[in-house]
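Going in written order, the chains are labelled A, B, C and D, and every chain counts its residues from 1.
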Amino acid sequence: MIRRTESLLVETVCRILIPLIQLFALYVIVHGHYSPGGGFQGGCILGASFILMVIAYDIRWMKHRFSEKKNTLMVALGVFIYSLIGFICIFLGAEYLNYGIFHRILPVDVAKARSLGILAVETGVGITVMAVMVSIFLNLTTYGKHEKGEV
Amino acid sequence: MKIFAIIIVILTGAVLIYSTFDMPDWGNPNSPASVHVSPRYIEKTIEETATPNAVTSVLADYRGFDTLGETIVIFTAAIVCILLLRREDDKTH
Amino acid sequence: MEILIGKYNYWIYIGLMMIGFYAMVAKKNLVKKVVGMNIFQTAIILFFISTSYKKNATIPIIIKSQEVIEPIQYINPLPHVLMLTAIVVMVSTFGVALAVIVMLYKQYKTLEEDEIIEILKDKK
Amino acid sequence: MGEHSSILVVVISLIASITNVFIALVRKSLCYPFFVFILGICFLLSMDILYTVINFGTVKYKLGGWMPPWGIEYVVDHLNAFVIAIVATISFVVAIYAKESIKKEIAKPRLPYFYSTYLLLVAGLIGIVITGDIFNLFVFLEIASLAGYALIAIGEKRSVLASFNYIIMGTIGACFYLLGVGYIYIITGSLNIADLTRLLPPLYESKVTLAALAFFVIGVAIKIALFPLHRWLPDSYTFAPSAVSAFASATVTKVGIYVLIRISYTLFEPRFLTEITPLSTILVWWATIAIFFGSTIALGQIDFKRTLSYILVAEVGYIVLGVSLGNKEGFIGAVLHILNDAVMIACLFMIAGGLFYRIGRRNLTDFTGLKKYMPITMTAFLVTSLSMIGVPPTAGFFSKWYLILGAIRAEQWISASALIFSSLVNAIIFFKLLEKVYFSKKEAIPKYNFRELPLSMLTPIVLMGLAVLVLGIYSGKIISTVIEFTVPKGF
């Protein structure tokens, strides 16, 4: 039960554009080691794709794809990943957020372990930023109702 | 009220301009900020973190706790928006 | 004259900052206040970023094949990192401020500060 | 956990606020027990830190394993550990109190998010205090501020406008602080406090250092509501939910004062404030004016919470005065007053919240004849009021004694008289109230449902009332084990 928008043009363009935007966002997140980019930037782009979905179609259609419960879960999940990685470092016997210690459990040297740690952390940041963007946008534009209409 | 505001703004501006005379020039490679802590990040980033992008390695590793803090800040913003605005009484499906 | 040209980045940020600060203190419309807050914070970000610049240097992504890495060839990454944090903080503050403004609008049906104060006085 | 407790005290409350969101999705009734449990752990960890610092000296913790000027470092000395213990204790006690009082003031579906935000405020405040890096301090300052804005905005109707004003003022303060950080960074290139202490002395003559100090002080002065910049405080704490007023009023301003102490005496040397810049003299006068005005305005208020807010403005003046007097007695008095004032203000705000809980009002006239109906609460109120006035065996007497001694030793006669004046004002306000409570012939208006508070609200109030007495009796011991060591060198 998807309600179509009035403009066929907007719908078709968004249908093509949104997956590309999301793909690009993932590229920005994972390629942060070698080029400008990283969790925040990628997360913002990813969040923007969902916001575009809301603007081009409507909220119900977007929530059909990405429910509020999932969104709230993801807001917390990203930060949780980040802080959990810090805790794993403590359990392995190093300081909080000292990713170098991962070389004990992974078959890599210290520098590479740090690189992997950065990647994991950036992923967490990306998830949180994406979900937060969507959450703030929905709450602000609909006065917290998550539905079309007046105040 | 407007005059009061203008006075405050001009006072702040005066302090800012006054202090600018002792600041290093724009783009000076020998300014203290460029020689004290930051060179290590540029020199050692590949060796220590296997990440060529120094901004990423500083962001997520050398100063990783700041980044945790900022992720928490944005998490706070989301929680605050839900706390203040979200009303569950209307059923959405 | 040399001071004017050599430090022109500082003059720009000072100007921006005073505009933002004035809007925050003097404007009566709540959204204008928050926009002023944003300009103010952007000015600070501009200040930090301009301190990181070195003449004839490039972005801090180190070329792997290089034998000796000279810090002078790359701009200072630290202010960029700090400002990434500050931008996120700014966005969050902006979000919270807007949420509070939405609540205020729901209560008073206006965004002008003096009108709200007027309504509060009438209630008393 | 030993060596890791300094980081755990921050991270556990952060993770708990995240986990709380998960729990809320599964089962909402579990949120509150979890919330109190976590704050209990934080309390124990803070005591562990205090114990370690007292017995083994300064604790350092390198985050991410990087050496200090490059990575972020936690440095815990006596002053930090002391303030952390205060924040953790008050947050725990108020959390117990919050259960009943918040149920009446906030809609039920919002409760889990309220607990999350409260935990974020605690984490932010402890993070500010514990860190040894000026930029990390800014990040946690923002966490604490954002959580604070929201907690205030969910109060009564008027609280939203108060919260908006707080956002504008608070952001100006935080931005000024950030600008100060930028100025320090541009002339030294470092962000670590210990490193800066070494780098800054040759730069004391620089205009940039002066401007940085000015921005730091003004930014922090907004956050602690020092007199002309106090405009956000009375409205915010009057209309916020009672549990939030109790916690925030007791800790937010105190943490701000901690930042002021750190900046003025650790980042810079004491001689920079007294000989090179006239900052200590300015602060002494500024604080004196704050005491006079705060006390005077407090006299004319009707709402009990608003009265307390203005008294708080005056109390902030006390502590800033003690810090900037520049002698040992004043400084000891100030640090001791951070503790005593946190306990007293939290207790009084909780009593105000209790009154509001029972009768939905909290004007000064509502206290009439309360001894009959709320005997235990009113006993705690009696003890705390005597302490606010400064009657000997209670805690308030000792800190005020040291502050006045310090003012006399620094030959600041006007400041000393301001302290005495403020005590007199407190005496007028609280004796009037006590008279209403204990000796009023008039009956309490019968239509109200006057009863003793529920146990979960009564226990924290009684605990704080007892603490006022106990802290008074053991103040000598507290000074000799902790506060003696916080006095900066050169005093």
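For this structure, a couple of remarks:
Basically, a residue touches a chain if its C-beta (ideal position, glycine included) is under 8 Å from a C-beta of that chain, and two chains touch if they have at least 3 such contacts.
Please read these numbers as outputs of a predicted model, since none were measured by experiment.
Ranking C-D and A-D by contacting C-beta pairs places C-D first.
Centre-to-centre separation between subunit C and subunit D, using Cα means, comes to 29 Å.
Separating the centre of subunit A from that of subunit D, both taken as means of CA atoms, is a distance of 36 Å. With centres defined as mean CA coordinates, subunit C is found 24 Å away from subunit A. Distance between subunit A and subunit B, defined via averaged C-alpha coordinates, is recorded as 21 Å. Counting partners per residue, subunit B has 16, 21, 23, 31, 33-35, 37-38, 41, 46, 52-53, 55, 59, 61, 63-82, 84-86 as the residues that reach two or more other chains.
Shown for subunit A are the residues in touch with two or more other chains, namely 34-36, 38, 72, 75-76, 79, 83, 86, 96-97, 99, 136, 139-140, 143-144.
The set of subunit D residues touching two or more other chains comprises 14, 18, 21, 63-64, 135, 139, 142, 146, 149-150, 153, 185-186.
Taken as a contact graph, with one node per protein chain and an edge wherever two chains touch, the assembly is complete, since every chain touches every other chain.
Residues 15-16, 18-19, 21-24, 31-38, 40-41, 61-66, 68-70, 72-73, 75-77, 79-80, 82-84, 86, 88 of subunit B are the ones touching subunit D in the complex. Taken together, the subunit D residues at the contact with subunit A in this complex read 4, 7, 11, 14-15, 18-19, 21-22, 25, 61-65.
Subunit B meets subunit C in the complex at residues 1-2, 4-6, 8-10, 12-13, 16-17, 20-21, 23, 25-29, 31, 33-35, 37-39, 41-43, 45-46, 52-55, 58-59, 63, 66-67, 69-71, 73-74, 76-78, 80-81, 84-85. Against subunit D, the residues of subunit A that register as touching in their complex are 69, 72-73, 75-76, 79-80, 83-84, 86-87, 90, 94-100. Partner subunit B is touched in their complex by these residues of subunit D: 14, 17-18, 21, 63-64, 66, 69-72, 109-110, 113-114, 116-117, 120, 123, 127, 135-136, 139-140, 142-143, 146-147, 149-150, 153-154, 183, 185-191, 199, 206-208, 210-212, 214-215.
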